[in-house]
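These notes open a run of structures that come right after.
What follows is chain A paired twice: with chain B in the first complex and chain C in the second.
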Partner chain A sequence: MEMPKVTRRTFLKVSAGSGAAAAAAPRLLTAMENDLGGKDFGPVSGAERKAIPVNCHVCNIQDGAIAYVENDRVVKLEGNPEHVSTRGRLCAKGNSGMWYSYDPDRILYPLKRVGARGEGKWKRITWDEALAELTEKLDAALKEDPNTIMLKYGRNRTGGSIDRFMKTLGSATVVNHTSVCESSKKIGMEPTWGPDIETPDFANAKYVLNFGSNVLEASYFHNPLSQRVTEGRVDNQMKIVTFDVRLSNTAGFSDEWIPVFPATDGAVALAIGHVILREDLQDSDFINNWTNVTVAELKEHYKQYTPEWAAKISGVPVATIERIAREFATTKPATLFTYRGPAKHLYGSYNEKACMMLPIMTGNVEKKGGYCLPRGMGWPQPMPEPGKPAHDSVLAHPPEYPLAAHKVSHLVPFWIAEGRQKINVYFTYQDNPVYTNPGSMAVWGKLFKDEKLIPYLVSMSPFMGEETALADLILPDCPYLERWEPESMPNSLWPWLGIRQPVHKSLGESRENRVLLRDIIHNLDPDGKRGMKQFWDFKDGEDYMRHHFDNVPGLKEAGGLDFLKKHGVWPIYGKLDPKTGKVSDKTGREIKADYGLYLKELSAADMAGATVDGKGIISKNGKAIGVRREGKNCVGFPTGNRLINVRVDQWADYGFNPMPTFKRIPWHEAMKEDELILSTFKLNVHKQSRTAAVKWLAEIAHSNPAWMNPETAAKLGVKTGDLVRVESAVGHLVTKAYVTEGIHPKVVSIPTGFGHWEYGRLATLKLKDKKGEYSHGADDPDLNNVWWDDKGVHPNNIIPVVADPIGGSQGWYDTVVKVTKAGPNDKYGDSEGNWEKHVAAYKETMRYAYTGDLHRKMHPEMAAWAGPDSVKHKAGGGH
Partner chain B sequence: MSEGSKVSTGGGKRRYAMVVDTRRCIGCMACQVACKAEYDTPLGVNRTWVPYKVVGKYPNVKKQFLPRLCNHCEDPPCVRNCPVEATFRVEDGGFVLQRYERCIGCRSCMAACPYNARFMLPSHRTYTPITNVVDKCTFCFHRVTQNLVPACVQTCIGRSRVFGDLNDPNSEVSYLVAKNATQVLRPEEGTKPHVFYIGADRNATEFGRDAYQKREVMEPERSAFKNHFKI
Partner chain C sequence: MLDTVFSIERANGTYAIPDEIDAGQLREECLARASIYRLLAGVFVEEPSRELLAALRDEALLGRLSEAGVRFAPDFLASGLDELAETLACEYATLFASSGGFPPVESVRLTGRFKQEPNFKVSQIYREAGFTLNKGRFEVFADQLGVELLFVAELLERCAAALGADQSVEYRRLEKDIKRFWTQHLGLWVRGYCRLIGRASNHSFFREMAKFLGGFAEEEIAAMGLKRLEDIDMGRVVVPKSEIKVEFNPDEPVCGGCPPATDKPAGGVHKLHDLRF
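The block that comes next holds the complex of A and B.
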């Protein structure tokens, strides 16, 4: 393209290089406010760009987006203005999602390892060769035992095709990543009220308690919820109080940031509950009618959790706890939000439960401005569907963790090393535990380098991440802008269905995942005799989507998949109002959400043949379907008894406290004066492992010095930029210090997403040393402008595994470390973890499982429990 | 209206302005990245950016963001100082724009701008062939003339950035400027900026560029930058 040539006369036309744009515009606008998107024009060409609605999938918030295409290239992404949650906006990550597609180091062809594992020597092969080799391996594995075929996924938004694939093979060895994500939050919530997350109605709240969520930077559901947080805070004068060990952007935005000692949020929440109940500020009607405990029982139970007790543990002053309790209980409506802060600890499930008790006991559940149930939508699966595998897998459902319905994936390498399950073929999909998991290279790297334990490692990935670099075969998957996928996420108070659709032909020879899986199955069962092919009878990704969406009631009438291809989302609740940034209905008023879902009345048909017991529980065919209250047959909560279970009896079966409780981390109590706790976090512009190669995000944040309080730094004799040595029980690292007022003095905190040793040349800052080798994708000339020279240091090698015996969660924020000024032999970037020491940590954490010897010691209040042998019905687990 | 905001009115002309409500800024950086995408802006330079500062002492600490961009001044020193009339002000709308084909890259405008809002484009860009001339924020002239808000406003999660016609008394920017105490950056320069801040801390904004992190935090980045671009 040439530079626009101009004369002085056509001065306006070429301003900002937008000649055509100015020429095409008849005059400057007359409308009162400019539109908030939905169209896009090239600043140089002036041409309107082709708009293709998609669902964002840089992270897992699942915003509705529009991809704008010029010259067959996605040049711009913006929020879909028709999307009720997203309302036309995207975060920094979403705005840069096209760099997943155009990463110059993207893998575009099947690759076969030719050197030693991890040596980085690859041979490009054809798909036919790749599938033939894989078929041979799968054939052999199937003959031995289908469960020797393992698949571990990180982010799986395939809408069922991964599960279908593994069921087709007859293997139950499917492992996810949830235990390093938020699992104990889910397990804290699910037995209590049904769903695994809440939807706080921030826009209408007057008071918010935020325990350890950094919703303004990451966490569920960053963009949609942040929009509502600012609305509530500025337009509705809501007060927000954040408990966190670190001044996150959320804590900084809050009216009050209250630093807590790590892992003690639960104690603070219990003490707040204590004050509310002591001062009789609870909502007695709600507790008595909608929970399985009485106010009297609750008052009795909470007597033990005094503010004095919590203050001693957490460092939050008694007066603060009492004041916050009164404010929260007397300001209506109020809500609460948590994320990983309370949950990612040894007893994270207890912490989460303690937090969620506060909106429950104050009756803020399902109120406008309160603590609402998530709203989601489902879709049917293509028929026929494969059945359940014949045998369960010990890796997917470890018997020591019967309550951990979202699995305990971070302990899997130790179980494989112990020989608890033989693996012949290991598939990985959108996962990178070698980077993301505790132990990192020291644990998962060790596992994958052992060809006896993992004889054949297949990576379905577009990127040469730390795990893929250790693979034997790489099948080039497509990034999200080149895939068909169904989507729904409860990221606002309005449910929706959406799709991802390819914005252009997949680059190189990459194949989108569901097509790739189909091709594997078709190769394995070419004539259908094995009974596998029948489950994979679809032409392409779009055809698969038709099976999902063409028969959804309501959507079907609107046009089914064709409607979604055009709009990206269904239903469309209204129009984005440029004056307010909110969604308005036909009358110009903001749309309203439904509240009080549990009060919805059962229909006469539902009630036909139903019985009501003395407590008002409505049952039909042996199953509770609702609750009768004040003469109304209400649907209640999506739990077994349709009530909120403050007392979770199933926990007691395994010797856990069924009531709200708190357990201190034993090794925190034994900490020495000069020891600190290491916590990790995500920054506003990065995901955990997949964004270091996204140039615009890497430019904003590319290194991760260790945050420490000035008081701590003074004791160590360290200032910003100095090298420090951080040593845990399992390893050590050397990084730089960042001295900041925004952190608890007993905490050292290192953000994740940095310090990659794989993931392409940008993430590893090897742009000058190496030419692209796996890819025939275009190089990006802009990468000549990469000016930063520090890629950071990844902390996971030195973080040992901890598993919540209830929820199975990794205790990310439980690591005790010693920080010292770096010595003469310490080099920036040193990072070392020791396998034997990690194994010792694994063995130690298993002692807290209900089958372990420390379980009883941690639960003196459950002395009457008859022990692990008393458990009759082992829970199946698995969601 | 508050300090530095004497706006030309009349003549039926539009006067575009941006209000940055810092109470609503969550520091998410969506604006900065949306702008990069909109203009294929190369690494190392930005048309808009969001510096921040940590203020206060533990535990009463706050992170303060100050989104920055060209102020589209009523009296822009860059225009006055450009020897070749490459930079100019559009009467209808108030956009301060750059004509790349006239720019000789002398950097006079960069030196004249009290807001550091202008930059030299490097030699390498992803797909846009305009290089080695001075560039800046255009208030998204090409979008605004198509009745769209600027890209940074479009994606602003907190609705911290609001854009509109200050000459239209019914516009949201008119309302916000009328009803709130607003600030502009470096009013003492007499440039009459048209980016109005709500809730900007005078201690942080008096000298325009001081909302940044402490020097020792910034220094390694600065020297890496200077190293790379041989400044």
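The block that comes next holds the complex of A and C.
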């Protein structure tokens, strides 16, 4: 048979007409990357790897992940396609999580300090020895006063076991880290509408106002929300306007980036509100029905916040404020998102409140594409539970900050130094304030080095962070891939429960935290006679999880913990569509979220015995349970009166303005021409403290030059790469300049997460050359291809404490600095703070507390307030 | 390295106990070697016990060690046993068991992380040889230096038993196993690691014992005829940048401080985007 002669030209001709036929041919092979996860194969063996679902915990977004395991070793992490929020995707940090397990600097055994604190001299001891020593210390402390046992935690996701431990000991001295995180955002929101955060429905919005959030790189809830931002932007032609001092990647992705003067977001938001109300663009029905103020009251209140007033303060032109106000109010649906930008200031709570007023006054609350309440799920605790401690702790609930329900942890060192509460034993868990807090080593390092103030410091940690390096006893905790933990996070419009479960055997002799705590209690109360052991009656972490999950309605029927062990998350709302990347139901359509949660009707059982007052508030047993509107008995908002409290009366009790307001930071008003404001920010591959030792991430970002505007740089004669000295009232640092238009001219901005002096070989890049001090893996084989030798400069030493007198939050972005070209004695990496100067800053910020002498001066509008003696100290708001 | 492995295989079936070496003498040598392995394992597997230290300070042993080039300083010889044990426990933690130190673990030395391939490979070898790893005072990795040394000691004792029972085939099989283990594991990292510990230790005990182990390793490798066995660890303090393989110019400023436009980038390197940080 003669074969036809096929030239390139002829087959190309054939090809041109073959599309339909080719398309009709069966497709038996698809590229592996088209599969949306859930399976993985060893490249050498071809065998399917064991897939174990977990919740990621590199940062705190709680993405659904799958760990692929070969030979009891994690070889890969990827997103869990069954997780409704993160839909099979993990960020760079999440993909790198196994570095924590295998870090060569990981602490695998109990270590006892043998040199001076921080000297780095240790002795390995057995668990029995460690627990015996600790028991002795705890026994002595318990005899004196249980509150002398303090526990401060950072990223605590134990699901209640830390609190259980401290309650078992009878100590109320439990302090979190939230005041250096986002507490004033929470306190701005909680008394207003209940929850501490919002869920913006980005995917369905048409317009977004973003105040100071870099959600495409960091913040709550980076991965799930950045997916929805992208969908809204690309699929829904959503417009985004970002107010930020810096051109973050989120600002760069926005339609407009509006650089505001630091700490003035609240003024801009109030002025936008002013325009909306002035031009009658508000949703009057929503305001009148669902808030505790009337439209008339609101209009009257907002008259003072003119665009001209805000423009003068913020630098945002009047025309821009007016245009954005009209766009936001007339584009439906619209939403708003904030993060640290507005909240991390002296009066951050006011700023947050001013921002959240915009979706409220435009009626965008709980609507598709709008500003929604967070959705989460809870779980029961193992029984029996220990009761509350007998006495409160002044460190946990300082009387000067009665509204700061999330505590004021960054002022604790000063209070301990003042002798306000004695400490005998200090536990630290997943915390590192020596690095992460304002003042860092100059403040917390000073505290921990003082053995009179902190006689015994116990760190429960897998890593030698800056704080752990100062400990007396280190109990090796497990990284997240070796722990059992319950999870739920409101990071999308669909609530879920999830777990972390060990994906491999814990290394060395590390013990997961709840087991470690149990062992401490069992040592203290071996025969149960002290009444402690009864609260810690579980075999292991899995057994503890069964108490949490085996009786949750719905989950129980699905299999309880066994379901979660298999899937990692519950419920499973649908299947991830490989074409759209969205979760779809059986019909192939994307699953729909529930909106209008506050409109859900109370049942007849709920209403039995309930009363309705003249304003429609439904009460039962002395408690508001809902709101009657248009004949419907709605559940309302989770506040005390089931309404949105535009006016927060509780604030007025302490002389704060109960209505939306703005306070300019006094020392910003007094800035000199050559002074700047220092801000900090996170990069997308790092979190605050614990990623610098992750090689894949450190390779991407390892140094942190100071961003400066060309206008500012020109005045100083500085160009990119030049060394600059940044000096605040409490210290100075020397770093490199990065000159860019992407920063406000009055701001110098330095990323955090760099410049470690502890945390292992990769974070510190220590190359000690003196004999006997070889350390930090200078010759480590894995450093063979570490091509960088710049670890960055840590800025926190030179940032003084500032406490929002309402929310208690640290004013991270309030520091006034002077930037100059580095002098002959300055060297790159210098970073020094001064304890005495930090103490002065602490005393200054206390003057703004409701008990301080500046409180009245800052609140002339509250002249009728009768002063601090007029109020009884009450428990703070929030949850 | 592969040649070495294959050379073992090529020798399969042709090996015989050399006529000039008496089986009894060979057995004694195996036991002697096993004893050295056990001694060294005792030094590195966990903090040296009071008993081990007392045995090591025996005059006769000290003399023999001295002849082998091991000369302890007064910090080892002059202090009381309890004090010495305490001092060495702290030194052990600093060197081997705390952050910033040098874990004596093959996975760390060769891959930079705990519990990687070497750990699983040696675990499999132990299993196939019929061993299980038990917890001592502390739980250690299967590829910890002391455990790897103990494994060879066990095999050598089996060798001796085989020779005592006139089981030459079994002896040859075991000897090959030892060679293979050295080729695939100990030989790749112990020599460089010993040099490193020899430099890094503050105390003459670990410094001298590391030197002794290093010398012993060289001798074992030579005696077993393991040629071209690569010392991957090398135990260097700083790896020269010229040896680092990167796609970028490692000398490039990392802060965006790029050279002026007239400067040519280093040949063959890809510059990162200015805004990469």
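The criterion applied here is as follows: the second predicted complex is superposed on the first by the 824 of 879 C-alpha atoms of A that agree within 3 Å, B and C clash if a C-alpha of one lies under 4 Å from a C-alpha of the other, contacts with A are read in each partner's own complex, and residues count from 1 in each chain.
In this section, contacts are C-beta pairs under 8 Å (C-beta built on N, C-alpha and C of every residue); 3 or more make two chains touch, one makes a residue touch a chain.
Since we're looking at a predicted model, the values are computed, not measured.
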Partner chain in contact with A:738 - chain B first, chain C second, else both or neither: both
Contacts of A:96 with chain B and chain C, given as first, second, both or neither: first
Winner by number of chain A residues touched, once chain B and chain C are compared: B
First, second, both or neither for A:132, with chain B first and chain C second: neither
First, second, both or neither for A:509, with chain B first and chain C second: second
Touching partner for A:116 - first (chain B), second (chain C), both, neither: neither
First, second, both or neither for A:76, with chain B first and chain C second: first
Which of chain B and chain C A:788 touches, first, second, both or neither: both
Chain B versus chain C as contact partner of A:88, first or second or both or neither: first
Touched partner set for A:671, first chain B, second chain C, both or neither: neither
Chain B and chain C contact sites that coincide on chain A, given as residue numbers: 71, 73, 695, 700, 720-721, 738, 740, 780-788, 790
For the chain A and chain C complex, residues of the former touching the latter: 71-73, 99, 101-109, 111, 114, 120-124, 126, 463-464, 469, 507-509, 683, 695, 700-705, 720-722, 736-738, 740, 751, 758, 760-761, 766-767, 769, 771-772, 774-788, 790
Complex contacts: residues of chain C adjacent to chain A: 47, 86, 89-90, 92-94, 97-103, 107-116, 120, 137-141, 196, 199-202, 232-239, 241, 243-246, 248, 250, 253-258, 275-277
Parts of chain B lying in touch with chain A, wherever the complex brings them together: 14, 21, 23-24, 26-30, 32-34, 36-40, 42-44, 54, 56-59, 61-64, 88, 90, 92-93, 95, 97-101, 122-130, 138, 140-149, 151, 153-160, 163-165, 168, 170-172, 214, 216-217, 219-221, 224-225, 227-229
Chain B-facing residues of chain A, complex: 1-6, 11-12, 14-18, 21-22, 24-25, 28-29, 31-37, 39-44, 46, 71, 73, 75-79, 88-92, 94-96, 98, 216-217, 222-223, 226-227, 229-231, 233-234, 247, 249-250, 252-253, 257-259, 578-579, 581, 684-685, 695-697, 699-700, 709-711, 719-721, 738, 740-743, 745, 780-790
